[in-house]
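Heads up, the next two complexes both have chain A, just with different partners, chain B and then chain C.
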Partner chain A sequence: MKVSYFPGCTLKNKAKDLDVYARKAAEVLGVTLEEIENWQCCGGVFSTARDEVATKLSSVRALKEAGSKNQPLVTVCSACHNVIKQTNHAMQTDKEFASKVNNYMADGAYAGETEVYHYLEMLRDVVGYEEVKKKVVNSFKGKKIAAYYGCLLLRPNGVMKMDDPENPSIMEDFISAIGATPVVYAKRNECCGGYIAMESPELAKKNSNAVIENAKAAGAEMIITACPLCRYNLIKNGADIPVVYFTELLAEALGVKEDTNGK
Partner chain B sequence: MQRVGVFVCWCGSNIAGTVDVQAVSEALKNEPGVVFSTNYQYMCSQAGQDIIKDAIAEHKLTGIVVCSCSPRMHEATFRKTAAAAGLNPYMVEIANIREQCSWVHKDMLTGTEKAIILGKAAVAKVNLNAPLTPGESPVTKRALVIGGGIAGIQTALDIADAGFPVDIVEKKPTIGGKMAQLDKTFPTLDCAACILTPKMVDVAQNENIRIFSYSEVTEVKGFVGNFDVTIKKHARFVKEDICTGCGACTEKCPMKKVPNEFNLGMDNRSAIYIPFAQAVPKVATIDPNYCNMLKKGKCGLCAKVCAAGAIDYTQKDEYISEKYGAIVVATGFNPISMDKFDEFAYNQSKDVITSLEFERLTNAAGPTAGKLVRPSDGKHPHTIVFVQCVGSRCSACAEKGKEYCSKICCMYTAKHAMLTRDKYPDTEVYVFYIDVRTPGKNFDEFYRRAVEEYGVNYIKGMVGKVTPEGDKLKVQASDLIANKQLHIDADLVVLAAAIEPDKSARPLATMLTASMDTNDFFTEAHPKLRPVESPTAGVFLSGACQGPKDIPETVSQAGAAASKVIGLLAKDKLTGNPCVAHSNELMCNGCSSCERVCPYGAISYEDKEFRMPDRTTKIRRVAVVNPAVCQGCGACTVACPSGAMDLKGFASAQIIAEVDAICK
Partner chain C sequence: MENKYLQEELIRISGVNPKKCMRCGKCSATCPAYDEMEYHPHQFVNMVESGDIEPLLASKSLYRCLSCFACIDRCPRGVEPAKLVEAVRLAAIRKQGANHLTADKVPAMLDEDIPQQAIVSAFRKYSK
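For the complex of A and B:
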């Protein structure tokens, strides 16, 4: 099947791994990610300010393009997903906002018709973890892996509707699907510090360290994430176990990862 | 043609203030059928009623219209007045010109105009009224109480005391409910078992009470005074009448690794078990999910050691049919699941427990013999954090919690905190709260004692995260008054989980056709004035199945429900409401539309023989309404495609006449 795909700017430079492995793995699973033409930066989470319209336009353009092809829009970066999903929700529910946005659109009004899902949701709900399991050639059997959700991926729950934000299982089930053992720990859905790293590196360090220590205390040998900023903060603040994108492990498990330096 | 009298009430200035009552009575004089029209200051007073009676006699009235307050207020009064003057009480119509007119209008002209229109509608209706006579039905003098917790126990005892037989159906192997699991009770701190178990024994010994334990209600038919109920008695594989409750079987049973539900899984029991020492009935029960004999046909030890020969591996579920005059629902509550509140790490650490688990931990008959220790390592906890409102008052998280206040948590948390400080003064105790709610006799004094005498740290704010680290629980919380973040290294975290109605309540409500609110609490007939009755006649409510309640409140409500039941069972016959549906069998085509919409199960079908024009006969299936069950809601009259179904007192023709009068 073919789906529209919004990689996002971080995935084109700092977080190339997240993007490259996502595409390769998807091919193995029978899904073609068709990159949106001329996509623009989602604006990062700064654009989720409710009174801004201009910052939401890139999201709406991407959504419209996917819609014009009758395809769902798949994202993989936590921040892009959050922005696009929230924008789509606003287009569906906030008439005033939608009409303002539509004034900027060249052709026809958009009212949130396109379905948006995260790559993890695609694995769980479209491909199915059972199917992923069948395609695994390099199992991570015996490896203890901690899923790090961060704060953005699942919240706000009423809009994201991905998983229970306090007791999620979508990434743990992914870890099980590639043969490894998921490690559940309390801080898996806490904030890494995010952009506060720019202004108050100490505070980000405190938050990131708390996550790393908590994961290690629970027995984790590796942390996986879907968020470039989470990965940056954890590594920058001295993670002494590997912190990798979930797509990298997926590509490796499916046997399509040429470069194995990350492991 | 009717001879109608119109009586317009001033209600002091309540009506006369915004409605020109004189103009109304004048205007209605000219309506068809009206032979007399007057107005008076207080129609409901003795003098006012006398005006009506005199007019009935003098003008030979066959119908009357009273333009006054809501029929909910005084319809019964004026019906009695009419009956006293020899008129059928159902020839009275009320035009509500107070609540629906004078109270909502400020302008005299508009108010008067509307009052006249409402009066005209009532006159149009009464012209089509026919005298109605209520039917009678007998009363089975036996009550059913569903649920054997403190609510059900108290209701049953009170009904039995009045001399009526009562059956208690309890799904667990013993009665006692949640109260049997509690340690002490607020605000007097008497031990729950000491005040509950004598009542349980009273139940067992009362000649008027039968207990169906390990049983459930599977079918309810019939109506007030005449319920036909089927009770499923689960096979316990022990003959109840022979077992002496000696407990030899439970000691010998080799399967000892069954999670003990009475202690909330904090210790184990055997596959054959007696839930607790004071269980009533005190007989053993075999858990078929764990018994080797039942699962694999190997073992049979309990049968060998049973001196009474009470073990019966071949026992089957049994169905019992019984007739009842009244049914009391006392299905109680449960704490909600903590699965969706994992910010408190309930699923990650054994040392994060619910308040009910805390009760068992501090109960002398509990898994630790009353010693407060951490479930993980058996060590004494030095710092305990209590979190109130976990899932309660949760409007922002309605998909996982409850919007309502669970009512009992503030008080039991104060009790837990106080008792902990009393018994283990070296323990630091924190309580996080949104508000402390202590309305109740001696309740606030109790909470103040916890704070002032026992030094419990009450902090206004919520816990945001509990992180198990090493053998500590790192508690991150906010102190809203000091406006700062707190980090506490706790040894034990206790969650005051919201409470919800027992899961058995909804299917039971369907069986009883009793209504529930969106939270699955049973709805009362009136929130203030009929709090222990369900809107369904003959079904009564006792305890937390109606809403969160503590023990004193539950016992009061249980007694109130019992008195309502006694009032019902004391009658030999019940007078029905004659405003019920009836089907014109000549028009009925037997399509079942009415049966499908009837919420009370009042409609059935029978095959009837009809004479055809050519002198042959034909058998047709037609609807029959049971007038004793019908509540007169009218749903069937709307659903009937052939117009066969009609409601007495509210016939379609009458409603149309009212509409015509209003739109004229």
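For the complex of A and C:
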């Protein structure tokens, strides 16, 4: 099947591994990620203010383009997913906001018809973890891996509707599907500090350290994430176990990992 | 120092009804930026409700919210304090010349690994 794909700004730059391995793995699983033409950056964070319009137009344009091909829109970056799904929800539920947005759209009204999936949701709900399991050629059997959800993947739950926000399993089930043992720990859905790394590195350090220490105390040998900023904060702030994108492990498990060297 | 117009605007823009708050403090208890905040999420709700908005507009607390949505999801009454923090922050930075982050300050904040996501997010939150 073909789906529309929104890579996002960071996946074209500092997080190329997150993107490249997502594409390679999807091909093995029978899904083609068709990159949206002329996509624009989602902005990284969703503004909950109902009168913020201009900052949400890029998301709506991407949603409309996917919709025009009758395809779901798939993202792999936690931040893009959060922004685009929340924008789509606002288009469905806030008529006044939707009307203002549609004034900027060239061709017709959009009311949130496009389905938005995170890549993990695509694995779970479209491909199916059982299918993933069948395609694994390099099992991670015996490896203890901690899933780091951070803040953006699951919240706000009323909009994201991805998993139980306080007791999630979508990443743990992914870890099991590639043969490894998931490590569950309390801080897996607490914030690393995010963009505060720009102006208060101390706060990012405190939050990130708490996540790393908690995962290690629970026995983790590796941490996986879907968010470039989570990965940066954890590595920058003293992670002494590998912190990798889940797509890299998926590509390795499926036998299509080559060293991209960040290219 | 009551400011009726601003209070109504903040409530309209955020969609938050501060009167739903029952003062349980769970939002502040779960806030990952609590220690660095002068006014905490529950205080944003209470102070907007009472019209005591000027101290919030001037507070660095506006730039410590991480937009992690923890207080939004964990509030037992669905008050969603972070939406109010966002509205107050916008009321502050939308004024001419009031951007909290300007481009000339950015290079000093970067290292070679920092993802673009951090920079665009900071601009979305701190500048108009």
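Note that in this section the second predicted complex is superposed on the first by the 254 of 263 C-alpha atoms of A that agree within 3 Å, B and C clash if a C-alpha of one lies under 4 Å from a C-alpha of the other, contacts with A are read in each partner's own complex, and residues count from 1 in each chain.
One rule holds for everything that comes next: a residue touches a chain if its C-beta (ideal position, glycine included) is under 8 Å from a C-beta of that chain, and two chains touch if they have at least 3 such contacts.
Everything numeric here is computed off the predicted structure, so don't read it as measured data.
Trainee: On chain A, which partner's contacts cover more residues, chain B's or chain C's?
Mentor: C
Trainee: Would you check which partner chain A:214 touches, where first means chain B only, second means chain C only, and both and neither mean what they say?
Mentor: first
Trainee: Check whether A:77 is in contact with chain B, with chain C, with both or with neither, and answer first, second, both or neither.
Mentor: The second partner, chain C, only.
Trainee: Let me test your reading of the model: by the given contact rule, A:134 touches which partner, first (chain B), second (chain C), both or neither?
Mentor: It touches nothing on chain B or chain C.
Trainee: Using the touch definition from the top, say if A:164 reaches chain B (first), chain C (second), both or neither.
Mentor: In the superposition, A:164 touches chain B alone.
Trainee: With both complexes superposed on chain A, which partner does A:185 reach: first (chain B), second (chain C), both or neither?
Mentor: first
Trainee: Where does A:195 make contact in the superposed view: on chain B (first), on chain C (second), on both, or on neither?
Mentor: It touches chain C, and chain B stays clear.
Trainee: Need the overlap of the two footprints on chain A, from chain B and from chain C, as residue ranges.
Mentor: On chain A, the overlap between the chain B and chain C contacts is residues 157-158, 190.
Trainee: Residues of chain C touching chain A in their complex?
Mentor: So the residues of chain C in touch with chain A come to 12-15, 32-33, 35-36, 63-64, 66-70, 72-73, 80, 82-83, 86-87, 90, 101, 106, 109, 111, 113-122, 124-125.
Trainee: In the complex, go through chain B and note every residue touching chain A.
Mentor: The touching residues are 339-343, 345, 347-348, 399-400, 465-470.
Trainee: Tell me, which parts of chain A touch chain B in their complex?
Mentor: 157-158, 164, 166-167, 184-187, 190, 210, 213-214, 217
Trainee: In their complex, what parts of chain A are in touch with chain C?
Mentor: 8-10, 13-15, 41, 43-52, 55, 77, 79, 150-152, 155-158, 165, 190-191, 193-200, 203, 206-207, 227-229, 231-232, 235-236
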